[in-house]
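What follows is a set of structures to go through.
Each of the next two complexes has subunit A plus one other chain: subunit B in the first, subunit C in the second.
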Partner chain A sequence: MPFTNEQLERYSRHIILKEIGAKGQKKLLNAKVLIIGAGGLGAPAALYLAAAGVGTIGIADADVVDLSNLQRQVIHSTNDIGKRKVESAAETMRAINPDVTVNTYYQFVNSDNILDLIKDYDFILDGTDNFPAKFLINDACVMAKKPLSHAGIIRFKGQLMTILPGEGPCYRCIFKNPPPKDAVPTCKQAGVIGAMGGVIGSLQAMEAVKYITGVGELLSGYLLTYDALKMEFHKIKLPPRGNGCAVCSDHPTITTLIDYEQAVCDLH
Partner chain B sequence: MKITVAGTVKEVADGLTVSQLIEQENVETPRYVTVSINEEFIESGTFETHILKEGDEVEFLYFMGGGAYAFYQ
Partner chain C sequence: MADYNADEKIDITDVTCPITFVKTKVALEEMDEGQILQVHLNDGEPVQNVPRSIKEEGHEVLELTDNNDGTFELFIKKIGD
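Let's look at the complex of A and B:
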C-alpha cells in the first residue's frame, strides 16, 4: 500500500534518513512489537514506538495507574489514576498516531501465557521490574527465538542489553538465577529518578527500531550501563552465547519455563 | 600492579583477590554480583581464591529491576 499524504508528512523525518527511507518506514508500519510492562521503561518506549509508526504494538500489564507512578510513567496522566495501565497507555498511543493498532493484555505474565503472548510479535521489550518476570521473559524469548530488549533501572543507574536468541548471549548467561527475595534493592525500596526510565526506555525503543529496519549494530553481546551521577555510559563486552548457559547453550538444562517465587516489590 | 575496573585503570596491591577487590570497590550486593575478567565470567565460588593479574580487565555486572510493578503472579 502506498503512503497517504498524511503519512508522508508524519514520517518525513524518518523517510529523509537514508538509512530508513520509505522502505524502512514501511517495515515499521508492518512491524509488531510487544511491550511487557507499562511502567517506567515501557511508557517512554511505547510513546516513541507509537510515534515512529510501528504498526502493531502490544502492551501487557496487570496494574492500574497510581499517583506514585506519574513521576516517571509519562504515558499516563493525572486523569488516568485508577484506570488500567494498558488502557491508559493505549489511549495515549492512539491519540499520538492513529496508524498504530494497539493490543492490550490486562494480565500477569506467567509460564502458562508468556509463549502465547509473544508468538505473534517480531520484537519483545522487557519493561518489568522484578526478577522472576525478567527470567521468565528471557527464557521464553530464547525458547521461541524472539529478539528481546532487556533493561533495568534503579536510583541513578540503568542498564540494557539486546538478546538475539541463537546469536548472542542472553540474560541468564550473565545471571544464572534470580536473586533471593530482598537480596538486591528494588525501585520501590530504593527509588529511581524519573528521567532514568526515559533514557533507558528510549534506548530500548531505539533497539526495536534498529532491529525492525535492519539499520546499524544492535546491542547484542554487550551490556550497556548508564550512571547519571557520573554522566557515564559504559559498554561491557559479554562472553559469547552458550558457554554453559542453562537456557541458551546448545544443550540446555532448562527446557520448560519456570515460575519463580514472587519478588517483594511486585504488589503493593 | 595496574588493572582496569569498569573501564578505569587502577593501581592495586599485588596478589589482590576478586573478593578483596569487591570489598575495596564497595560493591553493594557482593553476593549477587557477576564478575567478568578479560571478557570471561568467573564462577562466584572462586572469588576468594581468584588472584588478579597485572593488566586484568574486570567488570562488575549487577542485578537491576525497575520498570513496571505488579507484573508477575
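Let's look at the complex of A and C:
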C-alpha cells in the first residue's frame, strides 16, 4: 500500500535515513511488538514505538495508574490516576499516532497465558519490575523462539540485553535462577531515578526498531550496563548460547514454564 | 526538452523540504534498477538540494533541465535495489 502524503510527512525523518527508507518504514508499519509492563520501561518504549509507526503494539499490565508512578511512567498523566495502565497507555499511543493499532491485555503474565500472549508478535519487550516475570518471559520467548529485549532498572542503574533464541545467549544463560525471595529490593523499596526508565526503555525501543528494519547490530551476546552516578556505560561480552543453560541449551532441563514466587514488598 | 524516456514521473512543486526529497526517494525505491525517474521541481531550494541528496543515496543524476518558468526537470537513473 503506498504512503499517504500525511504518512510521508509523519515519517519523513525515518524515510530520509539511508538505512531505513520507505522499505524500512513499511516494515515498521507491518510489525507487531508486545510490551509487557506499562511502567518505567514500557512507558517510554511505547511512546517511541507508537511515534515510529510500529503498526501493532500490544501492551500487557494488570496495574492501575498510581500517583507514585508519575515520576517516571511518562505515558500516564495525573488525570489517569486510577485508570488501568493499559488503557491509559493505549489512549496516549493512539493520540500520538492513529496509524497504530493498540491491543491491551489487562493481566499479569503467568505460565498459563504468556505463550498465547506472545505468539502473534514479532518482538517482545520486557518492561517488568520483578525477577519471576523476567525469568518467565525469557523462558517463554526461548521456547516460542521470539526475539526479546530484556531490561532492568533500579536506583541509578540500568541494564539491557537482546535475546535472539537459538542464536545468542538468553537471560537464564547469565542469571541462572531468580535471587531468593526478598534478597533483592524492588523499585518500590529501593527507589529509581525517573529518567532511568527513559534511557533504558528508549534503548529497548531502539533494539525493536533495529530488529524490525534489519539495520545495524543488535545487543545480542552482550549485556549493556548503565551507571548514572558514574556516568558509565559498559558493554560486556557474554559467553555463547546454551553452554549448560537450563532452558536454551540443546538439552534443556527446563521444558515447562515456571511461576516463581513473588517477593513481598509492600511498604505502606 | 527531454532526451530521456522516463519510466516514472513525479511532480514535487507542491511540497517543500524535506518532503521534496522524501517523495523522490520513495518513488525511486519503488522502481527497478536502471529505470529513469523524471522529477518536476521548483527553482531554488529544491533544485539545490534534491539532486545532491539523490547522489548521496547512490543514484545517478542524468540531467537537470531548466523549463524557464521557475521549474526544472530532473532525470535520475536508479542505481541499486
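Definition applied: the second predicted complex is superposed on the first by the 264 of 268 C-alpha atoms of A that agree within 3 Å, B and C clash if a C-alpha of one lies under 4 Å from a C-alpha of the other, contacts with A are read in each partner's own complex, and residues count from 1 in each chain.
Everything below uses one rule, namely that a residue touches a chain if its C-beta (ideal position, glycine included) is under 8 Å from a C-beta of that chain, and two chains touch if they have at least 3 such contacts.
Computed from a prediction, not measured in an experiment: that's the story for all the values here.
Participant: Of the partners subunit B and subunit C, which touch A:Glu9 in the superposed model: first, second, both, neither?
Facilitator: Second partner only.
Participant: Quick one: is A:Ala62 in contact with subunit B, with subunit C, with both, or with neither? Answer first, second, both or neither.
Facilitator: The answer is first: A:Ala62 touches subunit B but not subunit C.
Participant: Between subunit B (first) and subunit C (second), which, if any, makes contact with A:Leu257: first, second, both or neither?
Facilitator: So A:Leu257 meets neither subunit B nor subunit C here.
Participant: With the two structures laid over each other on chain A, which partner does A:Ala228 touch: subunit B (first), subunit C (second), both, or neither?
Facilitator: Neither subunit B nor subunit C is touched by A:Ala228.
Participant: Where does A:Ile153 make contact in the superposed view: on subunit B (first), on subunit C (second), on both, or on neither?
Facilitator: The answer is first: A:Ile153 touches subunit B but not subunit C.
Participant: After superposition on the shared chain, which partner residues are touched by A:Ala144: those of subunit B (first), subunit C (second), both, or neither?
Facilitator: neither
Participant: Applying the document's definition of touching, compare subunit B and subunit C: which contacts more of subunit A?
Facilitator: Subunit A has more residues touched by B than by the other partner.
Participant: Now for A:Gly37: first (subunit B), second (subunit C), both, or neither, which partner does it touch?
Facilitator: After superposition on chain A, A:Gly37 lies in contact with subunit B alone.
Participant: Could you tell me if A:Ala22 is touching subunit B, subunit C, both of them or neither one (first, second, both, neither)?
Facilitator: After superposition on chain A, A:Ala22 lies in contact with subunit C alone.
Participant: Take the contacts of subunit A with subunit B and those with subunit C, and give the residues found in both.
Facilitator: Shared contact residues on subunit A (touching subunit B in one complex, subunit C in the other): none at all.
Participant: If we count contacts the way the header does, which residues on subunit C are in touch with subunit A in the complex?
Facilitator: 18-19, 21-23, 25-26, 29-30, 56-57
Participant: Give every residue of subunit A touching subunit B within the complex, in rising order.
Facilitator: Touching subunit B from subunit A are residues 36-42, 61-63, 73, 85, 108-110, 126-134, 136, 151-154, 157-159, 173-175, 179, 183-188, 192, 196-197, 200, 223, 234, 236-239, 243, 262-263, 265-268.
Participant: Applying the document's contact rule, which stretches of subunit A touch subunit C when the two form their complex?
Facilitator: Spelled out, the residues of subunit A in touch with subunit C are 2-3, 8-9, 12-13, 15-16, 18, 21-23.
Participant: Can you name the residues of subunit B that touch subunit A in the complex?
Facilitator: 6-7, 28-29, 31-32, 34, 36, 39-41, 59, 61-73
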